[in-house]
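Each of the next two complexes has subunit A plus one other chain: subunit B in the first, subunit C in the second.
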Partner chain A sequence: MAKITENTRNEVREAVIAFFAEECETDTSQIHDHTNIIRDLDGDSLMFLELIEIFKKKYNLDIELKTIGKYAVKHPVQTIGQLIEMQLLVIEHENRLLELDK
Partner chain B sequence: MNEKPIAFVFPAFISDYKDDPSDIVPAYEKIFEAYLEKAAAFADPELLSFHKESNPMLDDELRNQYITYIYGCSCAEVLRNSGVEPAITAGYSMGLYAALFSSGSVSFETGLLFIRKAYEANRKHLPGKQYGMAGVIGLSEKDISDIASRFNLNLALVNRNSDYSFIVAGSSFHIKVFLLKAREEGALHARSLGVTIPYHTNLLSEAAKELSETVYTADVHTPGIPIISVLNQELINDAARAKDEVVKNIFNPFNWLATQRRIFDTGIGIFTECGPSSALRKNSKFIPGAGKFVPWNALLK
Partner chain C sequence: MADRIVISGMGIVSSLGYELDSFWKNLADGKSGVKKISLFDASSLATRIAAEVPRDFEEYSRTYVKKRAAGQMTRVTRMCMVAAKQAVADSGLDFGKEDKTRCAVVMGVVNTGNSSIEQDTSPQNTVFKSMTNSMPAWVSLEYQLLGPSMAINTACASSAYAIATGMQMIQNGMADIVIAGGADSIINPEEISGFNALYALSVANEPPEAACRPFTASRDGFVIGEGAGVVILESEKHALDRNAALYCELAGYGLTSEGYNIMAPMKDGEGMAATMVKALQNAGVGTHEVDYINAHGTSTELNDRYETMAIKKVFGERAYDIPVTSSKSMIGHTIGAAGAIEAIITILSIKNKTLTPTINYTDPDPDLDLDYVPNKSRPMDIHIALSNSFGFGGHNATLVFRKYPEI
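== the complex of A and B ==
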């Protein structure tokens, strides 16, 4: 289980915002925690998948996509802030993510 | 001339016109309008009422195919007018018709004729049930097969877009159950594709026979630019193979992942999607080391 430091938190936040800014051709200054990914950025599931792959590689994570999918069914992600929080949980708990709901 | 060889790839159906090029490429609109008029005269006068902002044709399977075809042909022509020639082409599913036209294998009208005849034959020969297709992202092929067998769903896996993106087809009831179960199993995305024909399944084998009567008597030429088969990833480099591909494409599964890799293996590292959406470009990010997609308007000189 990885420990989430302030540094990790900042890294993830910066990576998520930079990713959506590039994908959605928006300035980073326009993306905030409450920005709705679909409504405000026209984001989609392929972007979500790509972001997961980026973090899997960057943090060498052992997690199946469907584990994240199952978690997302119970904890839907709509905003950038929610997405950052979920990515931090993925990094912290990896394949044990679903145990958080037990 | 191109500095680097480029593959033109053509989408099949589209669900929106978000990336309509007419606003950013002035030359495009004129060419699109000319093709639209031709298609209206040849296939369906109603096409003239097409409007990208409020477009009812997205819900009409046949007209959606016509419009996607017109988009594909127009994009390719704008590129070629600008000196950008493809070294190879491929059509995603029913995008085959635009690939054939773009490679000089069929006329614009023959492409429209194939679209119409295929659609009519599919409708006529489908057993009396409702059908559909679904796209699922985030599950593996084994996950999909497990869901189908656990819930006794008669589904065909008709395309692999990447290791975690698939298309399935079957009766609309089985598709509905599948979508529900796929989400429960952790699919990141699972949605109906909004079509009522189970393309690329053997349910359409009789339709393909009927279509073959049109295809084998049509004026089809050796492609001037090679086309890669999405069915078996072989080169379609003569008229006979082009005809076979049109017929087989109706009722056989295809593999987009293998097709993109195959194109890359021929030495082509740059792809451009000739159409109003960017679905193939987005999907390409999940095919590691298989080339780079460049928006077609970025290639204009």
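== the complex of A and C ==
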């Protein structure tokens, strides 16, 4: 289990916002915690998977996609803020993510 | 009496332009889009020429397709999107005011162009780029349309079939509006090698612009083109209710299968003739009424011979009075897009009262003796026109267009 520092939190936030700004051709200043990924950014579900891959490599995570899928079914992500929190949980708990629901 | 089906918008991407006006001017001027292949190194191939969409299309397409979606599309699918969005804009449609459950999309798709020359494909995007339903899917997504959305593959007749199917949908009461057409490119090493092995392609590489020579004695095969063509079909009532400007009426169609050979057309053009007869019957048009035929006209030995024989079978002595043109002499054979692109040329010919030429017609084949509108465009007030599309596997389609209004 990784400890989430303020530095990690900032890194994840910046990476997520930069990713959406690049892919959705939007200025980073237009992306906030409450920004809706589908409605406001015209994003898609595949972007979530691409971000998972980015963070898996960056933090050398031991996490299976199906684990994230099962968690996301119970905790749907709609906004940038929710997505950042989900990514932080993935980094922190990796394959033990589902234990949070027990 | 059944409601008429009209054309209210069109969009084009081709080797001779991305906008209707410039495309038409180039055609009327008899220009050729055929050049040396630049999309990849073709130096080892027997055929090294094609009618490519200009390289600045990528920059042009960015105003139509967002970066994220563009990365999930092939270059060919982007051509389809540009043509579809042009057609919608041209029609003046505002889908916010339409019942989206009654708006359909039908695209002729032979393949999506996800070949070895397609670039920047991530593992995630491989599937999206290969899906043969991707073109109609993206168009439906773009406007959040909720009616039927599908792809049709009947080889070189695909997008003519798409337009005919769109007409059926409106006539059957399934839709009020259909976005119909197609896009294609087989300009890649695999397809060119394959067609070379079938001796189907021209190998007259120098000069490129003279290679496609429909109905001449020196024709030696078709020249590959690429592009997209999309039309907006509507019931006449629907179009008039919204005060749409109309190009013409789609009066009918003929669809047949030859059941004969996977590659060669049926002997003496019997299947082609049967298709034109069906189309005329479907449109309620007599042979004496047809003013112009936009031929399939591939510049292959068999097609041009049999298509000429078929026209004579259907029209008898009148065949000699009907101008027959091959648009492929200028833009090459755009395969799955050919039916729609050539339908658009036919419609523009009606609208602009001008026949576009069959270029490179320098040495007539003595056996092929119709009026092929050699080398120069010609003014003509066209009331009824046919557009022929004949595909490998014996898939045939003829579309019938009528001037609108009929005055």
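Note that in this section the second predicted complex is superposed on the first by the 102 of 102 C-alpha atoms of A that agree within 3 Å, B and C clash if a C-alpha of one lies under 4 Å from a C-alpha of the other, contacts with A are read in each partner's own complex, and residues count from 1 in each chain.
Simple rule for what comes next: a contact is a pair of C-beta atoms (placed from the backbone, for glycine too) under 8 Å apart; a residue touches a chain by one contact, two chains touch by 3 or more.
Just so it is clear, the structure is predicted and the values come from calculations on it, not from any experiment.
S.K.: After the subunit A overlay, clash or fit between subunit B and subunit C?
M.R.: Subunit B/subunit C on subunit A - steric clash.
S.K.: Determine, under the contact definition given at the top, whether A:45 touches first (subunit B), second (subunit C), both, or neither.
M.R.: So A:45 only meets subunit B here.
S.K.: Is A:3 touching anything from subunit B or subunit C once the two structures are fitted on A? First, second, both or neither.
M.R.: neither
S.K.: Counting residues of subunit A touched by each partner, does subunit B or subunit C come out ahead?
M.R.: Of subunit B and subunit C, the partner in contact with more residues of subunit A is B.
S.K.: Per the contact definition in the header, classify A:65: touching subunit B only (first), subunit C only (second), both, or neither.
M.R.: The answer is first: A:65 touches subunit B but not subunit C.
S.K.: Return first, second, both or neither, reflecting whether A:73 touches subunit B, subunit C, both chains, or no partner chain.
M.R.: The answer is first: A:73 touches subunit B but not subunit C.
S.K.: Touching subunit B in one complex and subunit C in the other: list those residues of subunit A.
M.R.: On subunit A, the overlap between the subunit B and subunit C contacts is residues 42, 44, 46-47, 49-50.
S.K.: If we count contacts the way the header does, which residues on subunit C are in touch with subunit A in the complex?
M.R.: By the definition above, subunit C touches subunit A via 66-68, 124.
S.K.: Taking the touch rule as given, give the residues of subunit A at its contact with subunit B in the complex, in rising order.
M.R.: 42, 44-50, 52-53, 64-70, 72-73
S.K.: Could you pull out which subunit A residues touch subunit C in their complex?
M.R.: 23-25, 42-44, 46-47, 49-50
S.K.: Can you list the subunit B residues touching subunit A in their complex?
M.R.: Interface residues on the subunit B side: 18, 137-139, 143, 164-165, 183-189, 282-283, 285-286.
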